[in-house]
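A, B and C are the chain letters, set down in written order, and residue numbers restart from 1 in every chain.
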């Protein structure tokens, strides 16, 4: 059973979202990192790029797999976790600490369609 | 096999040379004094023979010249020969031993092919020479075209593609040309079964097509009922591998062809699995409009450690007018590979070809039936040239000890002097182990392989750790691929 | 066609005896080979005789190809245009025909394919040293398809740009292949003689040759700066042999270098197999298509070589892949690697010196015949050049062919010539003598 944090929102494509005012902090769930195995590379957008809900903004790579990252919200990339460039393993070590991007949201109501921890637990097993 | 740990750069010694070039350009018999013309104009010829330091430097302005020092190995000829001979001894080829790599058709590569391919009367032909000076080469291409057409039931082939995936791309371009010529511009989807080779969806994507996956049924075959709702005016065609990657013949191909044609789409045949049909079944007769062949699989040309191959694309009547539109390689394709394949086909002739596919199929079924008590056989019907096991029946897992996986079985096979089968493909099964023996292996070789596989299964049941640590006898052990991917070292 | 006396009782490549077949059928539990095809609907079983010649014996195959070979005219090659008649050291075919290299599959099982992986690593490093780039892949089919893949790579590297500019100074077969490759995906291709005139904010990549189709060595001063200022990538198409003496793509400021390594001692062989190369700067490593070999360690710390960055590849990315290449031209990369090992920096420089000297000698001698004018006066060239013909080109070409020369290929209203280190002064003089016979 993978770890799911109560206070976060989730997408059905296994990204988590932490809301901080108008900023959405985005990472991938424990379930996702376990499925991928040892992550070897995180492909991230640049600050200032626009992202839209449901569209891919980057990708995770492991030795045997590659998986797109889908943005759970729309908006502009406000920050990118550059530490992951050299240490992609941080996602394996603690997926909820290793955020990937922060998004300045353009439509906060999009959060409503995300999953609660309980709802996400249904699909992540 | 032995371990040898040098790179050619590490043998370099400044000032050492391994080349043999004339000491000055042009004829050594001429002396500067004999060159009458040089005095008359700009002294070019005189400079040629005077052995000056750099003719390039005099002819080309400084700012167009290389600034940095070129660091290449400086080694003698014997250094080069020993180094690469040592490297070769860390490699396993078909000539080393049995190579049952599924979907790769590692059949024996007859040596006459090599002799023909290096024939000096072909090796010196420039690709842009006028046709009347390359009549023999044109006859090779035309003869091979006719032979492949006879074998597959297609009309004609283009030989530009240099590999299977290159053939797929070229074939899909033809699919698009067919629709474009009819102003049928909405056809941008291509249907690909979930058991398809990974190159199929990739080729479709780089050809600007959207991929629609069709599921396989419990019998491992394309589910025709699942296919029906996917068909419509936006479908360019379907890519099929028949027999599919489970080695199973898609017996409903007749109905599938009818449905796809009815909706206005075309059928593409992935020829990677053509081998069992050699001499028995022709893709053209099953309704396929476009196909590629891998001459380096089906027609015995060597794989060369990853090319050069040749992936000619054949078409039926519908697509024939467009055959020469896509230009996917620079000249005429890999002519040297065509020579090899043609030599092989001439040796097969109309007589032996009839046995090629059936003997490949016989070998695969023989291994399958002999090992199904040790390995899980997810679909127990007659297979064609290959089949898939889904891991060990008894992987030895107990008391928290991990069982032996397909990877472990593969690595243990190396210890016993066999190449591993294809592993973890197709994606339909978690522990896929895909075995393709081909028609060029003797009963004794197959029996030896079967005995070793049984032995490995017994080892796993007894102590999976024997397998976890394999290979024990190869030049190196299992590599750390994770750190290699995290911090790639691409320059020593 | 050929009549065969082949004995039908056996075939060297099928080891099965009738007894073997019987034993195997029994194990499977079927009565005949035909029964193994019981899953194939009856109408699809081919019942006719294959329209193939009778099977030939090995000696008959030899004789057959000998007779075909004699139908070819063996000519002294004075044309390049993407295929160059350089000398091949004897060592190379000897090494590349070693069966451990020749009959291996794409390096699949790491532990028993270290030979292939090592030479690919060496090849990648040599390509980097020639071009000045940081990373190279295991090889491409040929130069033209490498150029097309490089343009697609530029689109993948620059988000939300889908236009590329292709210099019409590139050789014709490069232009043709690029057109085909980029026709179907949603990439706009602009062909321009002056690439800078077409630059704009939607441009992902620009490809230019280092030596143009007419043989002129290009002065690329300012190109990289302009391309980068527009936010695009610069791709340079180059002859790796010439990079021993010419300014490298890295020195010109290019981001990606591509070309055909046929010039590294690979025989003409009527157009293939050759081998393309593709190299780039570190920033774009993860978008480099095809296989890449990297250095790693095994469990005991022994140095070994692995296929790395595989997550980019077609078999994992499937429909998300930006390239579908898997088999490349591995053995031809070995060919070029052995060539470069033998030649070393000095040998490769000398090849250029000899070719350049021969080409300039021919150039001067041809002008002296009065049958040509300069096409690009004062423009520098290495081994290939164009002249403006003052005689009937067809007659000129025919006369040359009759005398055993392949030369003076027509191109854009000019005729093109090429001289490599293989051409002797006697051959050049003989060619010039033939030209002098062509009436003005």
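Following the convention adopted for this analysis, contacts are C-beta pairs under 8 Å (C-beta built on N, C-alpha and C of every residue); 3 or more make two chains touch, one makes a residue touch a chain.
Since this is a predicted model, take the numbers as computed values, not measurements.
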Task: From the Cα centroids, identify the chain that ends up most central relative to all protein Cα atoms.
output: B
- request: Report which of A-C and B-C is connected by more C-beta pairs in contact.
  value: B-C
Query: Centre to centre, by mean C-alpha position, how many angstrom separate chain A and chain B?
result: 38
Message: Just the number, please: Cα centre separation of chain A and chain C in whole Å.
response: 43
- request: Return the distance between the CA-based centres of chain B and chain C, expressed in whole Å.
  value: 17
Statement: Expected list for chain A, residues touching two or more other chains, is 40-41, 61-64
- line: Among all residues of chain C, those touching at least two other chains are 309-311, 316-317, 320
- prompt: Touching two or more other chains, which residues of chain B qualify?
  reply: 481, 485
Message: So in the complex, the part of chain A that touches chain C is made up of which residues?
response: 40-41, 43, 45-46, 49, 61-66, 68
- request: Can you check the complex and tell me which residues of chain C touch chain A?
  value: 159, 286, 309-312, 316-317, 320
Field: Residue numbers on chain B that touch chain A, as the complex places them
entry: 424, 481-482, 485-486
Message: With touch defined as at the start, can you tell me which chain A residues reach chain B in the complex?
response: 38, 40-41, 61-64, 88-89
